[in-house]
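Okay, structure first, notes after.
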Amino acid sequence: MFKPEDKAAILVEALPYIQEFYGKTIVIKYGGNAMINDDLKEKVMQDVALMKYVGIRPVIVHGGGPEITGFLKKVGKQSSFVAGLRVTDEETVEIAEMVLDGKVNSEIVNLLNRRGVKAVGLSGKDAGLIQARKKLATVYEGEESKKVDIGYVGEVAAINSGIIEDLLDQDYVPIIAPIGVGENGESYNINADYVAAEIAGALEAEKLLLLTDIEGIYKDFNDKNTFISTLHLPEARQYIKEGIIAGGMIPKVEACLTALEKGAGKTHIIDGRLDHSIILEVFTEQGIGTQVVR
Amino acid sequence: MFKPEDKAAILVEALPYIQEFYGKTIVIKYGGNAMINDDLKEKVMQDVALMKYVGIRPVIVHGGGPEITGFLKKVGKQSSFVAGLRVTDEETVEIAEMVLDGKVNSEIVNLLNRRGVKAVGLSGKDAGLIQARKKLATVYEGEESKKVDIGYVGEVAAINSGIIEDLLDQDYVPIIAPIGVGENGESYNINADYVAAEIAGALEAEKLLLLTDIEGIYKDFNDKNTFISTLHLPEARQYIKEGIIAGGMIPKVEACLTALEKGAGKTHIIDGRLDHSIILEVFTEQGIGTQVVR
Amino acid sequence: MFKPEDKAAILVEALPYIQEFYGKTIVIKYGGNAMINDDLKEKVMQDVALMKYVGIRPVIVHGGGPEITGFLKKVGKQSSFVAGLRVTDEETVEIAEMVLDGKVNSEIVNLLNRRGVKAVGLSGKDAGLIQARKKLATVYEGEESKKVDIGYVGEVAAINSGIIEDLLDQDYVPIIAPIGVGENGESYNINADYVAAEIAGALEAEKLLLLTDIEGIYKDFNDKNTFISTLHLPEARQYIKEGIIAGGMIPKVEACLTALEKGAGKTHIIDGRLDHSIILEVFTEQGIGTQVVR
Amino acid sequence: MFKPEDKAAILVEALPYIQEFYGKTIVIKYGGNAMINDDLKEKVMQDVALMKYVGIRPVIVHGGGPEITGFLKKVGKQSSFVAGLRVTDEETVEIAEMVLDGKVNSEIVNLLNRRGVKAVGLSGKDAGLIQARKKLATVYEGEESKKVDIGYVGEVAAINSGIIEDLLDQDYVPIIAPIGVGENGESYNINADYVAAEIAGALEAEKLLLLTDIEGIYKDFNDKNTFISTLHLPEARQYIKEGIIAGGMIPKVEACLTALEKGAGKTHIIDGRLDHSIILEVFTEQGIGTQVVR
Amino acid sequence: MFKPEDKAAILVEALPYIQEFYGKTIVIKYGGNAMINDDLKEKVMQDVALMKYVGIRPVIVHGGGPEITGFLKKVGKQSSFVAGLRVTDEETVEIAEMVLDGKVNSEIVNLLNRRGVKAVGLSGKDAGLIQARKKLATVYEGEESKKVDIGYVGEVAAINSGIIEDLLDQDYVPIIAPIGVGENGESYNINADYVAAEIAGALEAEKLLLLTDIEGIYKDFNDKNTFISTLHLPEARQYIKEGIIAGGMIPKVEACLTALEKGAGKTHIIDGRLDHSIILEVFTEQGIGTQVVR
Amino acid sequence: MFKPEDKAAILVEALPYIQEFYGKTIVIKYGGNAMINDDLKEKVMQDVALMKYVGIRPVIVHGGGPEITGFLKKVGKQSSFVAGLRVTDEETVEIAEMVLDGKVNSEIVNLLNRRGVKAVGLSGKDAGLIQARKKLATVYEGEESKKVDIGYVGEVAAINSGIIEDLLDQDYVPIIAPIGVGENGESYNINADYVAAEIAGALEAEKLLLLTDIEGIYKDFNDKNTFISTLHLPEARQYIKEGIIAGGMIPKVEACLTALEKGAGKTHIIDGRLDHSIILEVFTEQGIGTQVVR
């Protein structure tokens, strides 16, 4: 389909990127459409395999909100949400863990293994990887705000990244479910963007890629001309404060800031709805999406 | 409570066993009462931790039949059995995997981590650990028998033990859920005794310990005097053939035979209902249960 | 110029080849037009760099006949040829060595270093790499043939590949000039195709690529329809015997046979006049040229 | 003799201690009754073997005063003492060295080897382990004191612990005779408590255990109620100054202080007359004797 | 010829030097008569081999001015000199490189290999070893001086010593031709004394030995009594300033100063016209020549 | 005293020997005059140090008969001999061990350490190095012979050379006292020639050097012309049988035969009364003494 010289030209274009990222760790938050659409899913797996074969050390952190919702329905359990967070009682977190760790995670592991990559699934419990604590929801009533306990929704207290590093050193690809473990051994469901950010920081990863369902960040979402290619840390903080970055964009940008503050090199909010968005971001000159950098 | 000299005497009695098993791999099939009773569970965890701290490399393979049954009920799914095996459609195996990998396994991992042992959960999908194929049920009608397809019930086709060895070499304790993966990436639920046996064989483990809910093997279960302390391989095969070993004992003894044939050193059917049955078997002179040996 | 999805598709097409050749050694005989034309030369360097960055261990053996002829003219020395081989007195071999080792070789080293690859030049003298002996020319007179001494033209007596392996293990790319050293320390000029073949054999290389100025092997050079994509070893021997393979093709095919017999995996006669012929051969599904295999 | 559950309970009690000391170095000063009584000797050997098998790195420094005295008598040499130190002429130190290195040391080595531990005997001369200098005796006359030269009685000038560490790293148990070597190659007999202390410091050992013939330190030896379980460094210094710690206790406590100051973690003065005093101190919750700590 | 006791005595005399230099790197600038006279050449090779066999890591940097001049004549090219430096156009530097790298260097490599030493030739291009920049000649006219561009004569901009260290670590002896490579890939001919000095500095070599055609440094060359055995750094700088060290001695002493400033231990200007001057300097108590030290 | 060129010549003569023995193990039986005479002793130490510094791995096995006799006298114990072997009761072997291990051995260790060599003393008890059994004396009465029990005189049953190899690998020089340990832990005094031979065999040493008080082997000791430079294994056996080799020569030659049979490369009976006999044998072309070879 392609002319030989075109093939060669594209492989050659990828050369400096292959060189640059050789032996480097790249953390990918995998979620949204790219995880639901079977064709996109297949292409993400190809992308991860390609990264691995050219010497990059990929680490995948995945979400799974829709699968959890689906399964809760199946067992006849209604989900209620406070401030966008699912109210999570003990039974809910147990089901969330089963779905994330026993279904979503092992499916990704399986897909990668079938492509010749040695993937290994982890949850935050394995070797104490993700230490968590309860996260309260913030509810605004007029100008007041209050903190509400919504159960087993957590945030990262600490990352014990030893097991990830040991697996990377032995050429495995770690696939991580965002379940954390509390002081008393209880499970917490944690937002996967934040988990990916904390892990990217702890590993001092070269890059954090957040696969989202948007093209990137706009100053004004109604005006395509206001697209932001690069956002620097202080600017990003300012935009959040001023409400320019708002709604669903906030956790994405906050995750990027966390990763950068904790030691990651660069962070990228990319459009997971595009075919091979990872490969395009990593191996071609046309950066896609919005990068948040120091 | 104990006199100092008694404490010392018992520690000294353990000395030759500690010496003998230093650096050796011991595979434990964990299931039955020892997994249901909270107090026994706690003691098994202590035993595994003790083994680890005296330089043994323990590997845990767990079952989880009751938990699967429980969860299937919860989602309103009836289980039917053919020849003692659960008829397992696609939805059932999906739930089995979620329960085994996302609940039972991660609970064991969590308990061990809380005791200072670095445990890591694996399913048969991780790094392609357990390759499986469909296992047909054998149904007897009078003197005839026929093979019946009961869905995603599997048997071990091959073990890729690399990930276990890599984790052991880095001082982790692998906890393994008995889910296998077929040629086309489909999941199979496999009897944990057989999985433990195949893994013990593949690792050329020093010992395979099967924690059961019986005291061991009797020639005649009604006559306590017919207890068998040691069973040799040819004898065991003969007893199965003659029907002396029958019923629920068959898979246990077959698992022992498989492990021995594939490379394990010794195998033990022990009574998991006793406190600290593992420690007693491994570190004291009073072997408990029935050992099946070459 | 290319659409993102095309770029991604081509990178993904390369994936299985990158995977297959990871950590493998590929020996390239570099010569002919690809060494004279500056644009082709640049592209060969890109190709070698790409191989290196995706984890392949490339080894380059180069020729340099035209440069030797040029320099001999410069010093006013006429070249005479017997049976296609240059009559090589002591002064000639000294100049050949200076040109090959001190000019052609160091230029290739330099070009690769400038692309971020750590190249190191070797001649057959370094660490005794190429042990040589005199090769007599075969001259036919009618049906008779006789052997003629034409001076310091050599053939490979033995390869001490230690220095190549040591350099490869430390991530260098060895660039080798085809100068051999005789029993008494004297230099020999050796055909680079044969040197590449012997080295590919000694290293048990995955592949030997001979860059030539032809498209590949034809049963009948006048009939483009007789192109041979794959030639098996016995067939190749037969064709040489029958004169189907003749003239300048003989040393190419003989080199392939030697490499295969001594331990190389596959051999390829490819058209070095095409842009990026190496990349196309190694990383795409469209094999180019003629492969000679077992 | 013991019930299975008791055995298990005691092994489990030892678990946290085994965990805590895994891979740590423990220096034992071996002397007194524990070295004379054959039954106690046997038990010390069992204790050292147990430590070794659960991953501790034991180092033994032994004394041998009574054996030296016995042998001097045999050769018809009278011992005289000044301020509690043996006047040691050249012949005496030669005999002391022969007894300590050629008899006491090799007997301990032999006993441990017979228990499956690879013990290696060292004197301070081996690889220059113990550099020594002359120690003068302090003689009090009324309120005055003077220093008296009593020959080849030494004190530690420096420890070259390389040979100990190399042996420990290769799984040997070093057994050390307290002979030091002076600047001119002359031998010195040194108090084994001090040698053990200096070695514990140089190795930054986790613990120093001094096996003595007393139960520990009392504020008033006549009043059993004044037993001191834990003594802190400043307190210890104060007690020596005030004469509360006096007589034979001084060198023991001083050895502890030296070890702590030079880098050891904790020090213990324990009653070597008890069966398995080492095991009880190291592996059970009932600390025995007096610990001197920072 | 020698009495056994004499042989033994001399070997014993060498002992402390063998001990002192074991595992140390010694850089030798090889040039002058020692490179022209066949007998001296042979003895230098013996000396280098001896160094290698007693555990020293020798590195050779060679010159080759006379050979370059000879070859330029052969191709009918006249050399002109400005301020003692050869005016070097593109053709000249090409020929210089061919002579140094393709002839002089490979001859030394060959001679050492024939003595059982694994020598490997390098030029400054290999793995980017010698980064160079243009060096202008300084021409004095009366009291004025001006800088004159004389073409491809270079000076060291940076040393990438990785390839030397990698070869030394694998027991090879690196032989280095003083060709540097500029920013745009162009070649420069550089004074071998300076190259040796920079390499000795970069390697933090124990010693730099400059083989020259003089006995060493005199305060007054006409007065043999003014010979300087040891010259300290400040003194050396002063003597150059005052014109006491002048003419051909300046580059030698400057090379020593550079080596010392960049990290070498000691430097020696020795008389390469003496048999085995290297051995005598390194292994006997009679230092020969002038040493320049800190 | 020597001319520079002579020094150089002798060092150069040693070159091939240094090369040949680099990294090889040489076992030296040290005894006789070379151990009694202080000047010879000093020279042996120099020789061992030289060997070490040029990369040889020396192992010393020493005797000590005269010192034992001396000390036995001191304690008023008479020695009686049967068939040339000392009748050795328990007290005698205890003293022999003290003298060999605690005096002779530690003195050699000390002398070498003072020359910058890291020497470590071993007896056959250390890490179970020399396993021994009782050796009966053979007493001839006319044509009859009978075996007589003479107590704790032993022969080698097995060598556990692990400790020697571990020490050699870490650059120590092992000094070994010829005390063996029996099945029940009892000590045996063993002929040092045989111990050295067994150790040379177990280590597959390059050479065994026996330092003796004779020049070598003669066919007829009264005729200097019958000196044997080289003796082959079958010949040696024949000569012993025929009585040509007799008396004190028998154990020397038997030791050589044992070493050769067990794996040593070459064996040498040399005259330890000569200055630097070791250096001369190892590093010069004039072999001294008699070599016994395969």
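By written order: A, B, C, D, E and F. Residues from 1 in each chain.
Note that in this section a contact is a pair of C-beta atoms (placed from the backbone, for glycine too) under 8 Å apart; a residue touches a chain by one contact, two chains touch by 3 or more.
Molecules present, by chain and UniProt name: A, B, C, D, E, F = Acetylglutamate kinase.
All values derive from a computational prediction rather than experimental measurement.
Here the spacing of chain D (Acetylglutamate kinase) and chain E (Acetylglutamate kinase), counted between their Cα centres, is 58 Å.
With centres defined as mean CA coordinates, chain E (Acetylglutamate kinase) is found 71 Å away from chain B (Acetylglutamate kinase).
Computed from the mean C-alpha positions, the centre of chain A (Acetylglutamate kinase) lies at a distance of 58 Å from the centre of chain D (Acetylglutamate kinase). Chain contacts: chain A (Acetylglutamate kinase) has no residue touching two or more partner chains.
Taken as a contact graph, with one node per protein chain and an edge wherever two chains touch, the assembly forms a single closed ring in which every chain touches exactly two others.
The assembly's chains link up in one ring whose order, counted from chain B (Acetylglutamate kinase) toward chain D (Acetylglutamate kinase), is B, D, F, E, C, A.
Of all residues in chain E (Acetylglutamate kinase), only 74-75, 94, 97-103, 106, 109-111, 113-114, 118-123, 125-128, 162-163, 166, 170, 172, 179, 181, 185, 187 touch chain C (Acetylglutamate kinase) in the complex they form. Within the complex formed with chain E (Acetylglutamate kinase), the residues of chain F (Acetylglutamate kinase) that make contact are 2, 4-15, 18-19, 22, 43, 46-47, 49-50, 53-55, 116, 274-276, 279-280, 283-284, 286, 288.
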